[in-house]
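Each in C-alpha cells, the structures are laid out below.
The two complexes that follow have subunit A in common; it is paired with subunit B in the first and with subunit C in the second.
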Partner chain A sequence: MSVSDKNIVLGTREQIYMERMAPRVMKYAGGIGIAALIAAALLGLALHDSMKQFLCSYLTAWVFFFALAVSALWFVLAHHLFKAAWSNVVRRIGEAVSNNFILLAILFIPILLGMKVIFPWTSHAFMMSGSELRHKQLFLNTPFYILRMAIYLGVLAAISIYYRRMSLLQDQDGHVSRLMRLQKHSGWCFLVVCWIMNLIGVDLVMSLQPKWLTYVEPLYFATGCAVTFFAALPVITRCFQRQGFLPMVNKEHYHDMGKWLFAFVMFWAYIGFAQYILIWYGNVPKETAFFLFRQIGPWAAISIALIIGHFLIPFLGLISRWPKRRPGTLVFWGVWVLVFQYLDFFWQIQPAVYEQSQKVQSAPVSGLDPYKLLGSADKMVWMPLHPLSLLISLLCVVGVGGVFVAHTFYLLANKSLLPLRDPRLPEALAVESI
Partner chain B sequence: MTTIEIPQTRLETGYDNTAEDCINREPLITGEATYHAVTKIVCATPEARRAPKIWYVCFTISLMLLCVLFLTIAYQVFTGVGVWGNNSPNAWGFDIINFVFWVGIAHAGTMISAILLMFRQRWRTGINRFAEATTVFSVLCAGIYPAIHVGRPWFAYWLLPYPNIMGDWPNFYSPLLWDALAVGTYSTFSFLFWYFGMVPDLATLRDRAKTRTRHTLYGIFSLGWRGSARHWKIYDRGMIIMGGLACALVMAVSSTVSTDFAVSQLPGWHETIFPPYFTVGAIFSGFATVIALAIPARHLFGLKDLITERHMDNLGKLMLVLSSIVLYIYLIEFFMAYYSGNIYERFAYYNREFGPYWWMGWAMMFCNGVVPQALWFKKARITWWLSLPIALLALFGMWTERFSIIVTSIHRDFLPSSWHMYSPTIIDIGMFAGSFGLFFTLFLLFCRFLPMVAMSEVKSILPQSHTHLPEDCKDAQ
Partner chain C sequence: MSTYIPSMDAPVEEPALYGLLAEFHDPQSLMNAANVLRKAGYYRWDCYTPFPVHGLDKVMGQRPSILPVVVFTVAALGCIGMLALAWYCNAFDYPIVVSGKPYWGLGPHMFLAFPVTVLASVTTTFYATFIFCKLPIFRHPLFTSERFRRATDDGFFIAVEARDAKFDLKVTSELLNSAGALAVEEVRD
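Coming up: the complex of A and B.
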C-alpha cells in the first residue's frame, strides 16, 4: 500500500509506520535500561558513600536526557515559529523525543530522595555558614526547589503533549486550522521553553555549588541542551533510514541538520569562551571557584578535551559543505558531539558535588593554592574519575537512556513518521539547501 | 521550438502579503513583479533629476549637524579632553556611551545580510542593502569616539601593533586594543561586503546612464562588471564566503566591546553574560534603526512594492524576539544580583533602578523590554504610526541602557565620599548631535545616488527565476 499526498508518492506504509520495530525496541531498551539502573544502584551501594556517586552519576544522565527532550521541544516549536518547511520530514522525531517529560519527572524522584547527599544547600548548617549563603535561602530551600522543578517539568510536559497531540490529530482530520493554532501559540510557548531551559540550569548545575556565581551559566546550560538534539537528530534519522524508514529524507535535509549542529557547536564555544575569559580576567574568588578544580590534574585534561573535542575538531569537521551533505559523516559528527556534550554535563556536575564535600571544605589552606588544597582534600574531587565511578556513570546513561528510548519508541509506534497531511510537506520534500 | 511560460505575479500595490497561511506562501514582492519593473523602481531615485523636496530639507539639517560635529571635534582637539563632562569617579561618559550606541546600530546590516542569508530568509533581499548602508555609516560615527578619546588623535596609530624603533608594543591584555582591532576589522569588512554586493547594481546604473559623467562614475565603481556567467559565479561564491565570515564578526564585535567593561571587577560591569548581552542589544538597536529608516524611505522613494508589509511584519517579529532576549538578560541580571548574596552586587542593581538615575534605569526597561512587546500584535508591526514610535523608543532605550550600564555603575564608588553625579557638557551633547549629522548626511547621499535595494538579489526571488521548480514550491521562493 502506498501513502501519498497531493500526488507525491511518499513511500510504502512500512516506510512510514513503525509497526513491527517499535515493540521490539521498547522491550529490549526498557529491559536493558532497568537492568543497568539496578546494577548502577547496587554498585553505588557497594561504594558505601551514602549513594553519593550513584546520585551524582544519575543526575548527570538525567540532565543529559532532559537536555535531549527539551531541545527536541525547542526544535518543534522553532519549526512552527519560523513556518519552516524542511523540518517537516523530521518533525515527528522531535515530537516523540520531546514527549518524555512525564517520564523524566518520574525519573527525578531518586534525585529528590537523595537531595541531602548532593545538594549542599539542603543543610541548614551549611547555609548559615556565611552571610552570602544566608541571603540565598529564600531561593535555595527544599520546598521551593521541588515546586520549581514541578512547575518546569509540568509546563514542558503540557506544551510537548499539546504539540504532539494536535499534530497527530491533524494527520487524521487534515484540518489546517490545527497547524495554524500550533503556529499561533508557538511564539509564547517558545519563550516559556527558553526561559525554563535557562532557569533550570541554576537548579541542576549552579546550585550544586551554592557559593559559585556567574551570570551566564543559565545560558551556557541552555546552549548545551540545544546542542544535544541537533547532534542526535541526524543520528536518529540515519538509524531509522538504515531500518528502511523515511527514505524521503535526503542530503538536502541532512545539510540543514548539519548547519544547525554547526551553529550550536559554535554558539556553545562562544558562550563557554565568554564565561571563561571574563572569569579568568576578573579573578574574583566567588567565580573562580568553579574553574579552580577543573584546571588541575585529570579535570584539566577533561577541560582541554572539551575545548578541542566539543569545539575545535567538530568546527573543522563541519565547516565545509560536504560533510553536512553526507549522512554517514554527519552521523559520525553527531555521535562525536553527543559524547562531548555528555562530557560537558559530566564536567559541570560531577566535580561540583565533591567540591562541596566536608573534607574539601575543611581543608586548612587559603584556597588560593589549588595544589595544596587538593592534596589536603584527600583527592575527593577525583572520585568521579575512579573506574568504578565511571562504570556507575556509564550504567546510569544506559539505564536512563534505555528507559527514555523505550518510551520514545512507545510514542512512535503505529504513528506516522511523517505529518502526512501537512500542506508544507511537498515543500519539505523539494527543499534545496544552499 | 519549445516556449517556456514564465509565471508572473501581478498584484496591487499595498496588497496585504502578511497572511499567516499554512497552505500558501504569500509573495515577497507586490505590484508588477518583473525584472524590468524592479530595475525601474530602484533606479528611479538615482536617475531622477531632482530628489523629493523633503530630501533637501533633511540634507540641509544633516549638514548643519555635521558642521556642529566638526566644530566640537576641532574645539576638543585644540583644547583637550577636559572639555567633556568626564571626571572622577565618572572616568567614562558620553564618549563611550555614544561609541557603544553607534557600534550597536552597526549590527543590523551584517546580521540581515549574513545570518538571515544562512537561514534562507529570502525576504531579506528587500532591505539588506539598506541595512548594510546603516552599518557602514554608523561604524564611521562610532569610530570617531575612540579616535578623539586618545586626546592626541594624531598619535592614534600607536594603538596598532607595528614594529617601531622604541621597541614598545601596545598592551595585548587590554580590551581597548581588542576593541580597536575588532571595530577596525568590522568597519573594513562591512564596507567591502556592502560594496561587493552593490557591484552588479552599479553596473545596471552604468548601463542605463544617460550622461557621460554618470556613465564614467558608475562605470569606475562597477569594476568592469559585465554580468557574464563567470562573473556571477565568482560573485555568488564571494557573497557566501563573506556572509559566513560576517556571521562570526557580528558576534565578535559587540562581544569585544563588552569586554571593555566586563574584564573589570566592578559590580554592574563584571558579568559573564556581557558578551551575548551586548551583541543582542546591538542587533536589537540595529533592527530598530532599520525599521525607523525603512518606514519613511518606502513612502518617500516609492519602494512599497519591494519593501512590502511582509518585510515590516518580519522586521517587527525579529525586533520582538530581540526585545524578549534583552528583557531576559535584564531580569537575569537582577536575579543573579540577588542570588549572589553580595551586598555590592545587589547595590549596583538597586542603585540602577532606585538611585539618582532611576529614570534611566526604568526608561531602558520600559523602552527595550516593555514597549516592543506590543509587537506581538500584527497591527503594531505593519502600521507605520505604531511601529515607528516603537522603533524610536527602542533606540532611545538602548541609549539609556548604555548610560545605565556605564555611568550608573561608576558614579557611586565603593566609598560614599567618592560619589558624584555625571553631567555632560555642551560639547558632549553637540558631538552626539553632530554624529547624527554625519550619519544622516551619508545616508541621504546613499539614498540619492546609489541603488537603495539590491536589484539583482530581489530579481533572484521573483517566481520567474525559479521556472524549474515544481508548481507547489514556487510560492515558497
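Coming up: the complex of A and C.
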C-alpha cells in the first residue's frame, strides 16, 4: 500500500475479489447464451426467409452489446481525460465491460456470412441501378467493409486492452507513471473512439438503406451507444452490491452516475430532434426515406414511444436530486433507459432491413407516396413486429448478452474490483456530490 | 484559547449589536461548533469559510432550497407559453404558408420553445438566487471586523446574530468558546 491510502478502509478481500461468484456466473450465463442463440437460429430457419429475420435480430442484439462495450471504453477514457476521482470505484467495471471487442469481433462472423441477405449494397445489380449508388460503391463494397470492421474493432480492442492492462499492472507495482501515461494518451484515444463510434454507425445502420442520405445519423448512433453504459452502470454496481461486493460505493457515487445518465438522455433527445427537424425541413426524398416507414402504423407508435419513453419520462424522473441519490430509483431508471435504448436500435435497424425489398428503394423519386405504397400491398415492413420475430429478437439479446456477460465475468474473476494503488482512490472513496 | 470578557464601560452612543463572531482553527472544529449551535436551538446564524466544506449544510440543519421547484415551474411555463404564442401568431391569427409547410407543427416550433425554456430557467435561477439570498447588500456589519477578512484566506468563522431568539451575549459567547472557538468578538453595526 502506498502512503496515501493508509487511512482508508478498503473492506475485506471477499468484497473486492470475485473468486467464487465469477465461475458460477460464467457457467450459467454462457450456457443460457449459447442455448438461446441456437434456439434463435432454429426459429430463424423455421421462418424460411433465408435467415433474414434471424440476422436482423442478431444484428440488433450485436449492436446493443457493442454499444455497451464502446460506451464503457468511452467512460474509462473520460475518467482519465478529466482526471476524475469518483469514478475510480467503478472503473474496473468499465474496464472489464470494454474489453469485449475481440469477443464481439468473433460474434460478428454470422453477420458477415449473412451479409448478402441484409445489406442491399452487396448486390452488384442494385448498386448499378442508380447514379448516386454507383458512386457509393467506392465505399460500400464487401472487401472494404470487412477491412473497415476489422480496423474499427481492432483499434477499439487495442485501446481497451491497453487501458485495462496498465491499470491491472499498477495494482501490482504501484507506479504512478502508469496512470500518467494513461492520462497522456487519453486525449487522442478519446477522439479516435468517438470517430469510430460515429463511423461504425454508417456501416451498421445507415448502410442498410444505401440510398438514404443524412448528416446526423452517425452522431445519433454514437449518442445512443453512449447512453447504454451509463444506464447499465448503476444496475451493474447495484447487482454487485447486492452480492456483497463494493460496499464502499455510496449514494454520492450513484448521484454522479445519475448525472451522466441524465446528461446522455438529454443529449440523445437533442441529437434525435436535430436529425428529425433537418430532414423535416429539407423534405428531400432521399433524406425522408428513413422516416417514411417509421411514421406509419406500428412503427409510428414506436417512434412516439421513443420520444416519450426515452426522453420525456426519464427526463422528469431523473431531473431531481433525490432519484439519483437513491440506488433503487436509479436502478429503475437505468433498466428503463436500457429497454428504450434497445428499442431505439430496434427501430433504427429492423424496418431498414425489410425496407430494401420494398418499392420505395426502386421507385422513382418523384411521386413517392408512402401511404399508398404501404397501404395495402406490402406488409413485409411489419415483419419485425410479428410475435415470432419478436421472440427471435428476444432470444438474440439473451444469447449475445449471455456470452457477453460470461466473458465480462471471466475478465472480472480474480482481479480486484478497485484500482487498489490508484493515487486518487482515497479521494474517490471520500467524494461528495453537490 | 482566549475567553470573552464583556466590557463594563460601554460608550453611551454605541452602535447596535449585530452579533457575535467566532473564529475556528479548521473545518472540523467549525463543523463541531455548528453541530453544537444547531443542537442548542439557534436559528439566525451562518458559517463563513474560504472554500466549500462538504457536509456543513447538513450539520447546520439547512433544508433543501425550493429554487429547483421555482426554476422548473417557470421553465415549464416558458416552454408552454412560447408554444402557445407561436401557435397563436403562426397558425391562428395570421397564418402564412412558408415553403409549403403546414401552419402548425410541433417540430419547427420547438426551435422557439427550447431557447425560451433555457432563457426562462437561466434568468429565473439568477434572479431567484438574488432574491433568496436577499441580494444586493451594499454593506454588511461583519465587514467592520478586522479579523473577518481572513474568511477569504484561512479563517473559519461562525456569526450568530443578535436578533436570534436564543441570543444572549454571555451565554452565547460561552457556548462558542466551549465549542472550540479561537476567539469570540462582538460585531457592531
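Keep this in mind: the second predicted complex is superposed on the first by the 416 of 434 C-alpha atoms of A that agree within 3 Å, B and C clash if a C-alpha of one lies under 4 Å from a C-alpha of the other, contacts with A are read in each partner's own complex, and residues count from 1 in each chain.
Criterion: a residue touches a chain if its C-beta (ideal position, glycine included) is under 8 Å from a C-beta of that chain, and two chains touch if they have at least 3 such contacts.
Keep in mind that what you see is a predicted model, and the values were worked out from it rather than measured.
Taken together through their common subunit A, the two structures put subunit B and subunit C in a clash.
Contact with neither subunit B nor subunit C is seen for A:30 once the two complexes are overlaid on the shared chain.
When the two complexes are overlaid on their common chain A, residue A:424 makes contact with subunit B while staying clear of subunit C.
Of the two partner chains, subunit B is the only one that A:259 touches; subunit C does not reach it. Judged by the touch definition given at the top, the superposed model places A:320 against subunit C, while subunit B stays out of reach.
More subunit A residues lie in contact with B than with the other chain of the pair subunit B and subunit C. With both structures placed on the common chain, the touch criterion links A:198 to subunit B but leaves subunit C unconnected. Applying the stated contact rule after C-alpha superposition, one finds that A:272 touches neither subunit B nor subunit C.
277, 281, 283, 434 are the residues of subunit A that lie in the contact sets of both subunit B and subunit C, per the superposition on chain A. On the subunit C side of its complex with subunit A, the touching residues are 52, 54-55, 64, 68, 72, 100-101, 105, 107-108, 110-111.
Against subunit C, in their complex, subunit A makes its touches with residues 273, 276-277, 280-281, 283, 319-321, 432, 434.
Across the complex, subunit B meets subunit A through its residues 20-23, 118-120, 240, 248, 251, 255, 259, 262-265, 270-276, 324, 328, 332-333, 336, 338-342, 345, 376, 469-470, 472-473, 476.
Contact residues of subunit A toward subunit B in the complex are 6, 82-83, 85, 131-136, 139, 176, 179-180, 183-184, 187, 191, 194-195, 198, 202, 213-219, 259, 263, 266, 270-271, 274-275, 277-279, 281-284, 286-287, 422-424, 426-427, 430, 433-434.
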